[in-house]
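Note that chain A is present in both complexes that follow, paired respectively with chain B and with chain C.
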Partner chain A sequence: MKTVEAPERVQAPPEIAPQPSVLRYRARRVSHKVLMYALLLGVCGFILLPVGWMFTAALKPDLEPIFTPTPEWFPSEFWAWENFRRVLTDVMPFLRYMINTTIIVVANIIGVLISCSLVGFAFARLRFRGSKVLFYILIVTMLIPWQALMVPQFLMFVKLGWYGTYLPLIVPSFTGTAFFIFLIRQYMRTIPKDLDDAARVDGLNAWQIFWRIILPLSTPVLTVCAVFTFLWNWNNLLGPLIYLDSDEKFTVAIGLANMVTLADTPWNLAMAANLVSILPCVIVYFFIQKKLIGGIASVGLKG
Partner chain B sequence: MVDIALEGVTKVFADGTEAVHTLDLDIPDGKLMVLVGPSGCGKTTVLRMVAGLEDLTDGTISIGGRVVNEVPPGDRDVAMVFQNYALYPHMTVYQNMALSLRIRKLKKEEMNRRVQEAARILHLEDLLQKRPRELSGGQRQRVAMGRAIVREPQAFLMDEPLSNLDAKLRVQTRAEILRIQKDLNVTTIYVTHDQTEAMTLGDLVAVMKRGVLQQVASPQQLFAHPANLFVGGFIGSPAMNIVEATLSGTGAGTFVEFGGHRLQVPDEVIVERPGLAAFRGRTVILGIRPDSMEDAALVPSPGPDSRLPVAVDLQESMGSDVYLHFSVDAPPVYTEDTRELAADVDEKVLEELQEQASERRTAFIARTSPETRARVGERCEIHVDTRKLYFFDPETGGSIYDGVETAPTGAAATVTA
Partner chain C sequence: MGRPRKGLMARKEQRAAYLFLSPWLFGLAALWLIPIIASIWLSLTEYNIITPPEFIGLENYREMLFEDRTFWVSIRVTLKFMVLSVPLYLVFGLLLSLLLNLKIRGINLFRTIMFLPSVLSGVAVAVLWVALLNPDVGAVNSVLRGLGIDDPPRWLDSPTWAVPSVVLVGLWGIGGGAIIYLSGLQNISAQLYEAALLDGAGPWQRFRYVTLPMISPTLLFVLITGLIDAFQVFDLAYVLSRGGTQGIGDSLQFYLINLWNEAFQNGRYGYASALSWVLVLAAAAVILVIFRTSGRWVYYEYDPERER
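And then the complex of A and B:
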């Protein structure tokens, strides 16, 4: 019967010893991989060394020397975990600083996402008189260095009575950021125009097209904008330094700067504070790295 | 369900190109009107103007007696199927179909009922929770149809909905669209560049060329009585053979001569086309459809002066019939119309036409029975059904029927070769 015979014919052909060239090829591929991994691990370790050193320093008790003749890359002797508690609440108010910074960061992200996505949408998808000229003006504003605006802006905010509040650090984000508008516009332009047409025939108005169609499709670029806003504001020292005047309003960046400028810097606490302050960045990156990398790739922007 | 009327519709784009020239068109209630023509003839622009996606430069469009020139697309109660489907990528199939209903604030149960109903008609029940990228091309096409159906609109507008499908699926989906359109009895405008699609789908077919309407008629009418050379050459596959010929009248009858061949024009044709009388002794454009030719050996009693002795250049076997390619030593018709027709097929075909024009020979295709014994390189005789000859005025490109100019204004074509 043919149906019974058939499976036998499918059986693997008798074992033939692989050709020497095949073996050589396989060996080369394996050794290539091993080398790659070794190299990557080495680079990773090298990059992580300073973090290890920070960790070692952060765990030392107060009077223990930090800058030893041979650097201690990993904690071995001292495990003063209470340093973290001290820096967060007891000796330094870093918990407060972090909450303050978070408020500024979240408000900025909200501001950027609302203002820049709306303006980006208008530039990318709506036809209106003067849109090109306006867009070029917007691009030109990217060329003005922040330092040039610093003093006039400061004077303006003082006159408004906003000195010593978070408003000068938050409100500008609601008025749009040229760079993000540019990014979002470029991204939204790549979304097929037919979707707008289909949506219009489906009865959507411009606002609904923005909200229901274009915005959900722009999440990659919006993620990039949100992460950049987070990083910039989390690390921003000059802005808070200019506008904030009391300890309970300070941000992480000011707190860190203040610790280093003290006459007798408590390095173990400074390192603990550093570690605490980079933690949110690490967490954010950990959770959205896939989206971020995809977003950066699709936005055509290198990190 | 309504009729759609276009009156003097003109579209001039911002860069000055006139995409549509004073178009008058009536689409009767419940009928399927196909707009067909080579790419760039303005057919999609017409559709987009009916949808409200393009403004009119001049003229009026009315849907069900209501002038909709200023009505936004969403309020025209028409649904559109796009060439690339334009499905919302971030929404499920269900959401894609339901969006227009949600915008109209339909009750949840009603919305659900309509989407389920459309899904049933289109066999999409199992796909409702999938996203467009998880679907095959054919499935996406059906979702696009579904999105139009759930609206229960007054009219369907379809912009080359089958052009992204492979050939087999296209035929199947074509039948599906026809079935749905007949079932729902919704007035439909269907745009395509494929004359086969136009012929098989349309209750009425409107042929356009460079923004100008050439002819509106039923598919049979278009095939049998093209208004001009362009329509004659565009409709039918393989395309009509077109050649410059001389009409001569003697006592024995009327003859048409080209490249050493002579065909007798039967009296019934003369009676049917009194306009021919004026062309006696002059040049005409002769059209012979491949279908009205046959291997003379297979014709029981070929009449006199109805045969072309030719040498076969190429033989294509299609199974049910055979295409014989041969050339005739007469100059091809080299006009704006024939160039446009050739360019619509392929850039290469246009080059071939130019080559033929310079060599003063014309390529012919005959569609014969598979029993033909004709072989490549051999000579054979081709019988022409002379009752089915087409004649066009070389000056205007219009068909010669009753002596009155039948081609619409603006369709002038002059022989330049």
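And then the complex of A and C:
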């Protein structure tokens, strides 16, 4: 501290001379920085320690106690990697659950990308009667929890004979999701209007403007929507819980929930299943986090 | 919106617009309008899906308000969660985002770590925390005992601590909320802070008179979603309440858990429709109250009306 201080004082012009306050200021800045790092590390510990514990627990053989008197936060001496194989195929069918969930996820991504980009384009770039009213309706459907409608929707899908299939979990995405329509609309509004006008002069119709000009420029927001759709559907419990009735069709979320509701949960396997099931989310997150965080930031909440 | 343009082009554009909107309009009718109307009717009936609905007037609502103890328990649990979680998540989310907004070395790594829990499923998080919160052998209580607390809370096994446990688990995923604040913070122009510095404002004054007003729209957004989220707690409560080693009775009977039970466990679809309607009204009330009062404390940099 003091060694850094000395040359500073020599260089300082005479009128800013008050050394004691400069000294105090620098000392405060350094201690401030240390405090900030301590806080950040503290919060990181709060987040990472449970994940570390999950890892050690997942690697324990069956006969080893999962709950040790002092919790083991880091991989211990046991490395029962076969636990992962056991939850995937042998003891628990998590591989099948993952394939089932992937089917639902991929279908939903396709549905969301098609429908929400079309609707978002109309709201962002086209003039039509009733656009204001329809936009308010969109906002309202975004805020009202869909769970409020799950009972009548369920009865409707049962009448259609869709109970026990993936259709109730997939088809709605092809009619658009309010939140994604909103995101896409906000993003498309930032694209300069001159582009459309120039295209119109060249004789392009609305569809061509959408397909050739606006859609290619919207890939960042479409990526964000695809990732959110993946995360939400991968993690969705309530929907599959209501509509699926056989172990053959179950998703990862149901499989996990069922493990805890077992009378005598094998905790090492539960944690292994947990790790396996969150792995796709974590991988996607690490690949895409910059875009994801930037994507949310770019949307903003005004307007 | 702009003035209506007459002529062929405008009409063509309008027709195209409705074509583009058609998937959503279809969904609006099939998945919102028809179910809403159907559920008004169903809420006035007794319906078990096997025999046709039987009209009983307002009986479902009367039963709910005056006889159904579980309904009131679910209201109490949900409100308790709301009162605990909304201010806590608001304050901690904001504090965390202020930390993550610092321009210091390694901040990107810290951000990556802190947003991580928010991409994990409620079920996965709940499964992890059921184990951590085990009152006798779980890691949380081991740590607390190590810190000299001889009689730590029994968390999910205790009627008092069950809801705070859910709040605590939610706190672990607070990073998701912090992303939204962070984007709000990063939209604040640096010039405002420079001007405040020139006027001799200290750190607290800069926070109070620059940061806070500038992110008030974000605060409003998080407040609304936080209040509505309390009615939507399901995954955590579903897993946590069944994972308890002892019977914990009604202490995690959240609103949506009760609704799910009545519909899909008890097969009382009429009664569950009435419960759904209360949920819609509650959400609508929350939204209305907040929008009505927000003019007093939310500062908009741009007039949103002017933007269109």
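In this text, the second predicted complex is superposed on the first by the 254 of 303 C-alpha atoms of A that agree within 3 Å, B and C clash if a C-alpha of one lies under 4 Å from a C-alpha of the other, contacts with A are read in each partner's own complex, and residues count from 1 in each chain.
As a working rule, a contact is a pair of C-beta atoms (placed from the backbone, for glycine too) under 8 Å apart; a residue touches a chain by one contact, two chains touch by 3 or more.
The model shown is predicted, which means the values in this text are computed figures rather than measured ones.
Student: In the three-chain superposition, say which chain, chain B or chain C, touches more residues of chain A.
Tutor: C
Student: So, does A:I110 touch the first partner chain B, the second partner chain C, both, or neither?
Tutor: Touch status of A:I110: no partner.
Student: Could you say whether A:I144 touches chain B, chain C, both of them, or neither, answering first, second, both or neither?
Tutor: Only chain C is touched by A:I144; chain B is not.
Student: Tell me which partner A:D197 touches in the superposition: chain B (first), chain C (second), both or neither.
Tutor: first
Student: Looking at the overlay, does A:N205 come into contact with chain B only (first), chain C only (second), both, or neither?
Tutor: Both partners.
Student: Identify the partner contact of A:L167: answer first if only chain B is touched, second if only chain C is, both if each is, neither if none is.
Tutor: Neither partner.
Student: After lining up the shared chain so the two structures overlap, which partner does A:V158 touch, if you call chain B first and chain C second: first, second, both or neither?
Tutor: So A:V158 only meets chain C here.
Student: Show which residues of chain A both chain B and chain C reach, each in its own complex.
Tutor: Overlap of chain B and chain C footprints on chain A: residues 205.
Student: Given the complex with chain A, which residues does chain C contribute to the contact?
Tutor: Listed in rising order, the residues of chain C that touch chain A are 1-2, 4-5, 10, 12-14, 16-18, 20-21, 23-24, 26-28, 30-32, 34-36, 38-39, 42, 49, 96, 99, 102, 104, 110-117, 119-124, 126-132, 134, 137-139, 142-143, 146, 172, 175, 179-180, 182-184, 186-187, 217-218, 221, 224, 228, 231-232, 234-235, 238-239, 242-243, 256, 259-260, 263-264, 269, 272-273, 276-277, 279-280, 283-284, 287, 300-302, 304, 307-308.
Student: Looking at the complex, which residues from chain B come into contact with chain A?
Tutor: Those residues of chain B that touch chain A are 48, 51-53, 72-75, 78-80, 82-84, 86-90, 99-100, 103-104, 147, 151.
Student: For chain A, which residues are in contact with chain C within the complex?
Tutor: Touching chain C from chain A are residues 33, 36-37, 39-40, 43-44, 46-48, 50-51, 53-54, 57, 66-67, 69-71, 114-115, 118-119, 121-123, 126-129, 131-132, 134, 137-138, 141, 143-145, 147-156, 158, 172, 174-176, 181, 205-207, 210, 231, 234-235, 237-238, 241-242, 252-253, 256-257, 259-261, 265, 267, 270-271, 274, 277-278, 281-282, 284-286, 289, 293, 296-297, 299-303.
Student: List the residues on chain A that touch chain B in their complex, please.
Tutor: So the residues of chain A touching chain B come out as 192, 194-195, 197-205, 208, 212-213, 216-217.
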